[in-house]
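Next come two complexes built around subunit A: one with subunit B, the other with subunit C.
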Partner chain A sequence: MLKHRHIAALSVAFALLLAACSPKATGTGSLTPAPAGEQPHPGGTLTFIVNAEPPSFDGHRETTFALLHPIAPHYSTLYKFDPGDLTKVIPDVAAAMPEVSADKLSYNITLRTDVKFHDGSVMTSEDVVATYNKIIFPPTGVLSPRAGAYAAVESISAPAKDKVQFKLKYPSASFGTNLASPWNFIYSAAKLKTDIHWYEKNIDGTGPFTYVSNTKGQDWVGKKNPDYFAKDKSGVQLPYLDGYKALIITDATAEVNAVRSKQAMIEFRGFTPQQRDDLSRALPNDLAIQEAPWICVNYVVPNTKKKPFDDVRVRQALTLAIDRYAGSTALQKITIVKDVGGLMRPKGPFAQSDADLQKIAGFGTDAKANKDKAKQLLADAGVPNLTFKFLNRNITTPYEPVAVFVLDQWKQVGINATHDVKETSAYQADLRAGNFDVALDFNCDFLDEPDLQLAKFWSASGLGKGLNFAYYDDADLDKKIDAQSRETDPAKRLALVADIEKYAMDTKAYQYPVLWWYRIIPYLNVVRGWRIGSNHYTNQDLATVWLAQK
Partner chain B sequence: MRRYVVGRLLLMIPTLAGVAILTFVIMRAVPGDIVALQYAGSPVPQSVIDEQRHLLGLDKPMWTQFTDWMGQIAHFDLGQSLWTGHPVVEEIQIRLPLSIELAVLATLLAVTIAIPLGVLAAVRQDSWVDYLIRVFSIGGLAMPSFWIGIVMILTTITLFGWAPPLVFTPFTEDPIANLAQLILPAIAVGYRYSAVSMRMTRSTLLEVLREDYVRTARAKGVGERMVVVRHALRNALLPVITVVSLEFAFLIGGLVVTEQVFNLNGIGKLLVDAVAHRDYTLIQSLVLLLAAVFVLVNFVVDMVYVVLDPRIRYS
Partner chain C sequence: MTAVSDAEIIARRSYVESTGRRRFVRFWRDFVRRRPLGTAGAVLIILMVFAAIFADWIAPYDPIANRFQDLLLGPSPEHLLGTDAFGRDVFSRIIFGSRTALLVGFTASIVGCTIGLVLGVVGAYFGGKIDMTIQRLMDILLSFPLIVIAIAVVAALGTGEDKIANVIAAITVPIIPRVARVVRSSALSVVNMPYIEATRSVGSGGARIMFRHVAPNVFAPYLIMMTAFLGQAILLEASLSFLGLGVFEPTASWGLMLRGAGMQFLERAPWLAIAPGVAISMAVFGFNLFGDSLRDALDPRLRTG
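Let's turn to the complex of A and B:
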């Protein structure tokens, strides 16, 4: 016992010594990507962290950021989001924005003629058609998880070597923006013709960086493509960087240490508030920080196939009991959640005003009144002391603190819920088998777009199969989602989306968000020309990133 | 002896087959699905999930999956990782050199520290030297190697702004870069490992030093150094060799947390990732590999016994 005390005392003394050696925090660093007037400086190698390994190399078939961060710099897309204004779509290999017919059923796109694949072949409309055919109409044995986003497309054709035409079956509000999907890498038609699976294990794009090497579990290396087609506004050849190295680091502490020891300059997905503060203290003069709301959210999902969650009053009580505003205040200090919002990202282009949102059950600011109503609803439903298991995954950020907060809120209205934490794989198995009472689900998207954010709300036995874990079927809601998708007038669409939010979160209370995530990127301030967006998928081709000389 | 050796080698086959069956069954019994994980958090329709399960052969009956896999193993083909689609052999080849080198470095370090200090503690039993060595060894047993690793990294970052390189460089390519990455983890792991071996060396040597033949050697006037090194230590080393060998085998795939802390691209990390992804073929192959390492190391240790102790004869 005495020896253990000695060891403990030595450890404490050592920890204090370390703390004494650590620099003091001096704030959260600069939020400015580059000082005004500073000109991009060509050269250098960007080293960044990716905290997972991509399953394959094929952007069309994968859905993880772990593919985009190391691999997107090898590819171009038809359109992309403007690195200077990430809400705006600009041409990438397209020469201009699409010409849309008056009936909105035909999109005619002219392509650049100076685009070359890394193997030297010239990109033509044939490549774009082959790419989009693979994505939208995948042959048997080819996976295309986002094909449904292009359900409106009837055909794709190449009227000329530099012209592509998309014909739609019906007008689609999201089709134009979906052409800027960061996953839709332009592939070579010749390569796809030889082997449609070629891109799963190989790289040949038209992007700013060519492939150098990949050591599995360790790193991914790319170098400047001298034949890249794009130039900046001053006519300087892009990309600015000589190359990049993506380091695969899966441990959160090792990630922070990598930045702290300056072996990595940035991690593009996001750090926690504590990690940001640790880095700020350790690198007071070398760190910059960018922060932004994130199109990621946790949903509380009652299993409507199980009693008493088939009763709308119980589901309404569950959402009414949660004081999201108090949650925001407490949780934003310790994890990556912040804003209160409905089904669309708060303050995003489809978000309701705060006043309208507060009219929805569970989003009002009078927490006591909400909780009283929740208690009344539970009593009316005959379950005043409701007991159930709350399924969650064993990931600390942000799932565990969010669930702990929700459990505490429920306890305050007499609900006795047990936190049922499972390893991700077992959690997914339970979700998909419907083997749970209430679960904490999640969703991340690359774009503020109702078609994406409402994908989980289609009927479980219809288009929501495998997505809608509340397991309800609701033909009325399906009609509403379909109607907003076809509505091309922005104002009318906004109203339709607001109606869906009211219906899905309040009237039927099928599933509802807790808090929206908040993205925090602390990075070495030599990195310039990269701007944070509301997602961790877009703006990753690194064409305009450069390194300041110190 | 030859018959014994052949018998032992043949016995490895049913042992490994047993491990294969057990791993296959356990992994299928654990809930979870690689495809659901691959598309976790993304709005991917069920049809895509079903298609991918079909492509990976996960919709086949379990018995068919097992016979397919055993058929591949019989042809020395470990198959492909379900997660990456790359050959399992390739995945292992990338990580094995680092794991072996780390295990060798940690073993060298542990043995270099453990045996002299263990002997010293035994011959100076209950003196201040013994107490000091005991405190040192108990410290190694009490502190997990990953914790020691974290403290070492924080210390070097805080004091020197330096942390071990994150990318593995083979020793033959650049010995300095190689050692810069592996020396701290080797110390972190080797310290704990040396503590176990040190305690074992001390206790077995104390036991042997009380044997009749040691007393006889001393009575014949043999010098104390010769008594300890030549007569006592040789016999005392048998259990130490067992411990050291089993630790070595463990280090090949067991340094899961230490590899995470130092971001080492080793077998332990690969195994944990494979389990997290439910990458059945990779898990099965890795467990089989690690079982083979244990079986082989055990076999080699048994053979070393014969060399060290002439009284041991296998027939």
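Let's turn to the complex of A and C:
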């Protein structure tokens, strides 16, 4: 027994030493997604990684990629982003782009007549109306976190079986593009009528893949929908793939190893720079890489319903303590965050200039002065040694490194926060129940659009329900958000958005970004027909993805 | 009957105590002389305990303070074991990690072994249905591997930086049946001895017999199991943290150090994995060496000279 135990203990140490000293692979992955002019090859099963479980199956209700990546291939939307040019909106179950009235208050949409649900029923305008009514005017007890993005909508109607009409209260710059939201799965009106919550636990879409199975914690499987309505430009029936399997792998190292061992072909959310480099060295001839700025950001969200976070001085201190510029320099080397920015994506169409941003609390470049002010504010608020729990989700990238950074920044001003890490479902349940002190939340959108990025700033008991986890109600801020949404002059809208940023992040310090993300997708180069965008939500129905034969 | 004076009682007590002290000193002197491996284990344990107690003075840096100018530095005179992805000194984190390891290890093994001792003695003393019920429950727990029960318990109780008690409970539960089984077999031979009968015949109650007369006689296997499970508990804590079910960042924990940057930067910064890996191995190795030597020293059948 003595010998066995000693041998076992020494073996562990020896194995670690061997692993650590093993020779490094060399080479880099290709940056070219696919050779030009190559024709899609039908067949095969795409295997990809999803690093979290979907909290429910209802796209209208959830806000996480963990739902979209495995489930979006089962559904269609009214419009979608062109997989070949992700800045362009194209029809999905719509037959053409909407006809917009001269006063921009009426959107008339003609639907395809060859769209069928997976249960065999034909999709009609009634289904689209039921879908959008659930999203924009959710009945009591139904969660719709993106309802605020459609605040301009007055009514939805179905003048004919293949016609849908949206009537707006005021012209909205974002409404047309928002119809391409990847979250707005078209649901069956009959199913919704029977049970408005049916889609939280069941699947029945009109998308390119039908549901096969779902083993919790293991995988999600879909197979080609033979009745899918879409064809490619050459008239070939879509989707190209025979099916897909989404592997649920929550450990970051296991994810990399799955790609490295070719058990998974791609992970659509993103890898860290280090993981990209490791894979490049390990698979020099089999890897392609795509990178892009990301409309994703982590927010620090104090629960304003709890003391002392109802005190604006405490909330201001929390943001002032964070030296975002130092964090950016360091964290971009180890995880998927990069740029310092406000509520709009840095360098995006609605971003403030650096000079203006630096005037906002917590975004100034003098870290010492900021921290001194934070200490003073905490002392003034009577909590110089503030202690609280910092809620986080158990997804390593980038939540863990961002939290470690933030906790250290707070410690430097005398705040002792403990890291409260939970799996996605429990984390979201706590957020929704207000069961936390301060949380590391996130906001990811499919488009640079203030109506989307500001959706979580509406009053919590109003349009911000299900998204605003700071739980404040602020009629002034609601008015400001509403005003920018109605403003069609781009320059004036930009000024209104800047004013909101100052008010929400500084004056009231309700919730504030840490660092914006940067998306890196290393994947096996047999995967073709998929292009990276500035978000990990669009382009996920996999209809045009195919596998090269090697 | 002869009357005994107070002075004589004090003298006898003093003799017994001094004899006990002498025996204790002689035992450890013999242990050091005859069991060099066990002594080496004891030295490793003492070093670890010393590091845990005096971590604040020994560690050259704050184990959780980020230093962005020092990211992923290799071992050097400034940072003996290098720095991690947040610029934190790995040596300091190893030192502070010993606190987590020992806190969980000592608490889990002491509590687990003590509960196991009680269950083992109670089962052996009462026998019959009580013994059968306890043993079948122990059989159920024994039918699962150590790590599986620990994962199940921690999953049921929840994890978190402020929930280290749950991690300790998760490690304690699988220790109980293993100790109960061993203690019971030793206690079975004790409960049938004539002196127990004699104790019973003078009117001693069950509890007194079990814990005054039986338990001390099964203390040797209890002590040995405790040292053996200390190493196991440390390994289990590291395993749970490695699996994301133990303590969380930024707490210094060896398993967590292996799981996080240790795995992610294995090729670029191998010291991040080697340092906690060696620390875990050395700790387990030390406790195993010490436990095995202690068993040999306390077991009369294995005693030499």
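Just so it is clear, the second predicted complex is superposed on the first by the 327 of 550 C-alpha atoms of A that agree within 3 Å, B and C clash if a C-alpha of one lies under 4 Å from a C-alpha of the other, contacts with A are read in each partner's own complex, and residues count from 1 in each chain.
What we mean here is this: contacts are C-beta pairs under 8 Å (C-beta built on N, C-alpha and C of every residue); 3 or more make two chains touch, one makes a residue touch a chain.
From a predicted model like this one, the values you see are computed outputs, not experimental measurements.
**Q** Determine, under the contact definition given at the top, whether A:I196 touches first (subunit B), second (subunit C), both, or neither.
**A** Touch status of A:I196: no partner.
**Q** Is A:V312 in contact with subunit B, with subunit C, with both, or with neither (first, second, both, neither)?
**A** So A:V312 meets neither subunit B nor subunit C here.
**Q** Once the structures are superposed on A, label A:T63 by its partner contacts, choosing first (subunit B), second (subunit C), both or neither.
**A** first
**Q** Considering only touches as defined above, state whether A:A151 meets subunit B (first), subunit C (second), both or neither.
**A** In the superposition, A:A151 touches no partner, neither subunit B nor subunit C.
**Q** Which of the two partners, first being subunit B and second being subunit C, lies in contact with A:D278: first, second, both, or neither?
**A** Second partner only, subunit C.
**Q** With both complexes superposed on chain A, which partner does A:K389 reach: first (subunit B), second (subunit C), both or neither?
**A** second
**Q** A:T253 in the overlay: touching subunit B, subunit C, both, or neither? Say first, second, both or neither.
**A** both
**Q** For A:S425, select first, second, both or neither according to whether it touches subunit B, subunit C, the two together, or no partner.
**A** first
**Q** In the superposed arrangement, which partner chain does A:A95 touch: subunit B (first), subunit C (second), both, or neither?
**A** Touch partners of A:A95: none, neither subunit B nor subunit C.
**Q** Residue by residue on subunit A, keep only those touching subunit B in one complex and subunit C in the other, then list them.
**A** In subunit A, positions 21-22, 250-251, 253 sit in both the subunit B and subunit C interfaces.
**Q** Which subunit A residues qualify as touching subunit C in the complex?
**A** Interface residues on the subunit A side: 1-2, 5-6, 9-10, 12-13, 16-17, 19-22, 24, 250-253, 272, 274-275, 277-278, 281, 326-327, 329-330, 333-334, 389, 394, 396, 400-401, 403-405, 407-408, 411, 418-422.
**Q** Please name which positions on subunit C make contact with subunit A in the complex.
**A** Subunit C reaches subunit A through residues 64-66, 68, 71, 85-87, 159-162, 231, 244, 248-251, 260-261, 263-268, 270-271, 273-274, 277-278, 280-282, 284-285, 288-289, 292.
**Q** So in the complex, the part of subunit B that touches subunit A is made up of which residues?
**A** 30-33, 36-49, 51-52, 55, 83-86, 90-91, 94-95, 135, 138-139, 142-143, 150-151, 153-155, 157-159, 161-163, 165-168, 260-263, 265, 269-270, 273, 276-278
**Q** Mind listing the subunit A positions that touch subunit B in their complex?
**A** Residue list for subunit A touching subunit B: 3-4, 7, 14, 18, 21-22, 53, 55-56, 62-64, 141, 143-145, 147-148, 200-201, 215-219, 247-251, 253-254, 257-258, 260-264, 282, 423-426, 428-430, 432, 442-445, 452, 455-456, 463, 465-467.
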